[in-house]
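Both complexes below contain chain A, partnered by chain B and then by chain C.
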Partner chain A sequence: MAEPRKIIRSKDLSFWQKIYIPEIFKGLRITLSHIFKKKSTYMYPDERFKPPASFRGRPVLVEENGEERCVACGLCSRVCPALAIEVQASETELEKERYPVKFEINMVRCIFCGFCEEVCPEEAIVMSQNYELVFNSQEEAVFGKDKLLTPTTRLHDRLEFLRQYR
Partner chain B sequence: MSIWIPLIKIAVIIGTILNSVIVLVWAERRVSAFMQDRIGPNRVGPFGLLQSFADVVKLVMKEDIIPRNAYKVIHDLAPIISIGIAFSTFAVIPIGNSIELFGENVKLQVADVNVGILYILAITSLGVYGLTLAGWSSNNKYSLLGGLRSSAQLISYELSMGLSIIGVLMIAGTLRLDQIVELQASYIGGWLPAWNIILQPVAFITFVVAAFAETNRLPFDLPEAEPELVGGYHTEYTGLKFGLFFLAEYANMITSSAIIVTLFLGGWHFPYIENLGISPFWLSLLQVGAFCVKVVGVLLFFIVIRWTLPRFRYDQLMNLGWKVMLPLTLANVMGTGLVILAWPWIRNLLGLT
Partner chain C sequence: MAKITVDGQQYEVDPKLTVIQAAAQQGIEIPHFCWHPKLSVAGNCRMCLVEIEKMPKLAIACATQVADGMVVKTKSEKVINAREAVMEFLLINHPLDCPICDEAGECKLQDYSYKYSVGYSRFEHDKVHKPKRIELGPRVMLDVERCIMCSRCVRFSDEIAKQPVLTFTQRGDHVVLTTFPDTQLDNPYSMNVIELCPVGALTSRDFRFKSRVWEMSSTESVCNGCARGCNTNIWVRNNEVLRLTPRFNDDVNSYWMCDEGRLNTFKFVNSEKRLSGPFVKKNGALTRVGWDEAIAEAVSQLKTFKKSEMAGIGSAYATNEDNYVFQRLMKETIGTKNVDVVPHVKEGDEDDILIRADKTPNMLGATEVGVKPADGGLSLKGILQGIADGGIKALYVLEDDIASIPEIAAVLPNLQLLIVHSSVQNKTTEMADVVFSCSTYAEKHGTLTNFQGRVQRIRPAVSTIEQDRALDGFSMSRWDKFASRNDRWGRPNKRDARPSWRIASAVASALGAKTRYNTAEDVFQEMATRIPAYKGLSYLKVGSRGAMIQHSSKTVSSRPTVSV
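After this line comes the complex of A and B, so read on.
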């Protein structure tokens, strides 16, 4: 373990430091120089933050060729530490044989840990870049398949990121 | 002279102060934001200039809460004292030379008092009543502490404020502010403006420090130190009465800047302009403009200092006031006196006329 750095306060200040006024002007130089620096504020509703691909926003279901990739294995629901995901499986004629009849994420419970994305064998649930979550009630916060399904085109950044770093 | 001219002057001065307070609050928020790499209020009106108006409307509409155990009369009176004093100090400050208007020679000063400086010192000393009574009448520990701190601080710094002015008085030989400004409108050696900041640098520094303490601005804002005292003396104030304290703080800032400009920065004097041969009317107006520019400069200095320096600890404040400022101002008075006594001799020695 590294020792915490000791704060050294020098007791023998020089004459110019003691009369304090030159030090005030040093401080002023720093603060005044900041006036002309680039501001870090986003003017929010006009100018939005575009998160990087590694950003973990609202979890969504990946929609490919009009169908969800999800095979309703329930792993995400098992791994979710906040118990936010509920999956009900059923059979389908398609190649994947199983699909979720009901897939709900309670966004009030979700903690954006990304475990569901990590555990998913089909890369069917991923964290999107959407961070604007507003609800008026608890019921509204439960997102069903209608809100979760997102076409691959809109998740391109994240899927690319997962391919590279996982 | 008719009664109307002073009334118009009062109306103009109060109107100007009220409006400049609004701009000043906006400027403070914008400058502080820029210094912290933020943008600050920029939504209401162009560049957010109307933000302060919106805040005023909000303050006026708010409920006025008076604590059950407060001393109601004094609780109401305290903000009025504060604001009244903040405005009345401005009465003696000459914002320009006399001006020819409608065939009358109008002095650009509300009250031409022959003890101008004494009036300023007397009135600003009363300012402590507003804060102390506010703290006491609220019947709240934090308010009381804030009020006590303000009285201790103001009394300590009043001494050095008064003493630093004495150096200026000894040079000017008058208490009239208009004459002090006129004396500064000359030149040393024909080119250097004889402003008191050059003749009395030590007095200038001590006066500015004392002015910060008198206006409760940041390195000395112990009466309302929010981490220790919630809100200080105005903890129990809401709505319009809180707004009055807020207004008084900023009006005090403007008044202090005007006093600093008048006493040390040459007042309405704009160097070298009188040689250009402009007509007296426009010259006077330009001088008023010069005064305003100087006041704005000092106000910006107030703002920038506030967001640069951390707050003093209470013992540091008292140490500075009594152990540094007081001896320094006394030494300045002594030194100025010696130089004035020896001035004929020095002049002969240097061969000046």
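After this line comes the complex of A and C, so read on.
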């Protein structure tokens, strides 16, 4: 049997606590002191939070020279604990032979674990800094290649971050 | 008998065997690439090196015959080191292709890399590059970089398929597998090299990049391309058949199957031409109706004919269960004696390897379960004649596109009633008055009897709307297991089809028959009690390798034939 929980707050308030006035001033002092500190809120959506490179935003496909790096190996799809990814491979004339004709991530399923990024042999899927996900239906939440493809220039921070761990 | 010791355990084995064979018989696997139970011994991959006492060096288990008193070690340090060295050599120039390689997931080189290699590479130089994406023949793709020069494909083509077109050119790490000038790998068994190849050097052009192997479920089945009935696995993803592969059965097809069976016996299952459900002809046009309406329509129309005016044509494509229930419906419930089956024989299209001229998987089975004229009944010829003369007015056809045969198509318009079971839209369904959409062989339980008289099981791999993969015990892929309704892959394309035995049984019930079957196994159990040749058989006994029936002398070849 566990010990009975200790009561941390005493039931009986002291005289000064009972009359409230000093406590109100204590609270006001804290509030007022914050006026002179740096603000920690953002005026969203006019002002936006820029996450650090280690942030795991929604996974995106890396686009390089107008082509996706992905070779449709399906490893991300296999490793994804939430079964969010569907890949359909097909043949391409390019040297890589294989590319995804269809690549879909169901953003309702995705749990932002980053496993897909970790397993990818081509560094073709990475966690972006994008955290703004809005949809009106289940169907809309399934992101195809059109929404996923992101040029390397826009993924610079993350790609650099990943480089450290190679 | 020779007494040998393998890893400290004593065994008595046949002295004619090699060490690898003797070990395999005892359930000990000695790793190997080039050795194959059905091919000659090449001894070139060196993966099966084992330590044999009193021999100065390690010996290859595939080419060393056992001898009395032999002591073999397959797990000693020396052996392990040797294997690691062999793996290191094999991987030196092996491309890092697994992500784009169709073999990945069922690759011997991958598996052995996990089991028998050190797990890292010491090689720092550029790998040797060789030709990729070579069309070795109409059905097989070659990637020379991935080839480990085991020569299995060369030996298969020479020894089994008898088309010696493959060879190696160049030397050392520049060896290239190729075909002789002006030849290509195009024999009827060419695709067997795909499974034989231990790596992804030889892959299927048809299946190329369709799916990763781990995304599919695999179900034991039987090919319906000819009377051989090669044992197969059906590979399904998202309720769509993506490929067939041969399954070992030494009594039927060994490790092989023909390219025709592999490529052309499953596509109709996924086809656009599949019927969406039962149809009834209304004002001259086939109209989609519900099952109850179609059955009621068939029954009310059947009742308007005399027994002698009706005939039934069973199917050498349908299962024994389908044919059995069908012939009971025709002979016992409807009461006609005119029952027969249409043979589909392609004279001359056969060989002494696997391919049979009879292009149906169940001709022997159909006749054996009773799809043949009753005493005094009309045979196929008589039925066709009867239709032409106007004596036969109603015809009930099980799973067979009989109208694709011109001589039959010519007489069909004379009929007043044509009832058809079919899974796809075809010439016969277009002429029919009532069409029942039936399950294909990939969607139902049942048995087929091959030309030898071997009863073999088929199992559902693709689900119809009345089935549920989990509740009905299908083999399932990971996606099947975890799909939910709002996933796209959780809403696969399911057809409104039923197995023919169930449809025939429903028609019989509507006509007043008492017997009801819940499962195909129920039907089989009844067959086992009623048909002498099936005595003592059960689904359990048939298992995955099949079981022989005691068939009567009347076999396919002695029957009059109508060519396909």
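Just so it is clear, the second predicted complex is superposed on the first by the 131 of 166 C-alpha atoms of A that agree within 3 Å, B and C clash if a C-alpha of one lies under 4 Å from a C-alpha of the other, contacts with A are read in each partner's own complex, and residues count from 1 in each chain.
Here is the rule we go by: a contact is a pair of C-beta atoms (placed from the backbone, for glycine too) under 8 Å apart; a residue touches a chain by one contact, two chains touch by 3 or more.
All of these numbers come straight from a predicted model, not from anything done at the bench.
Student: Which holds for A:H34: it touches chain B only (first), chain C only (second), both, or neither?
Tutor: A:H34 sits against chain B, while chain C stays out of touch.
Student: Between chain B and chain C, whom does A:G57 touch in the aligned arrangement: first, second, both, or neither?
Tutor: In the superposed model, A:G57 contacts neither chain B nor chain C.
Student: Chain A residues in contact: does chain B have more, or chain C?
Tutor: Result: the larger residue contact count on chain A belongs to C.
Student: Let me test your reading of the model: by the given contact rule, A:M43 touches which partner, first (chain B), second (chain C), both or neither?
Tutor: First partner only, chain B.
Student: Just to be sure I read the superposition right, which of the two partners does A:L75 touch: chain B = first, chain C = second, or both, or neither?
Tutor: Touch partner of A:L75: chain C, not chain B.
Student: What is the contact status of A:G114 with respect to chain B (first) and chain C (second): first, second, both, or neither?
Tutor: In the superposed model, A:G114 contacts neither chain B nor chain C.
Student: Which positions of chain B touch chain A when the two form their complex?
Tutor: Within the complex, chain B touches chain A at residues 31, 34-39, 42, 205, 304-305, 307-309.
Student: Which of the residues in chain A end up touching chain B in this complex?
Tutor: Its residues touching chain B are 21, 24, 27-28, 30-32, 34-35, 37-41, 43.
Student: What residues on chain A touch chain C, complex-wise?
Tutor: Result: residues 71-75, 77-78, 83, 86, 89-91, 96-98, 104, 106, 108-109, 121-122, 138, 142 of chain A touch chain C.
Student: Using the touch definition up top, name the residues of chain C that touch chain A in the complex.
Tutor: Interface residues on chain C, with respect to chain A: 96, 98-100, 104, 132-133, 208-212, 214-215, 478-479, 482, 486-489.
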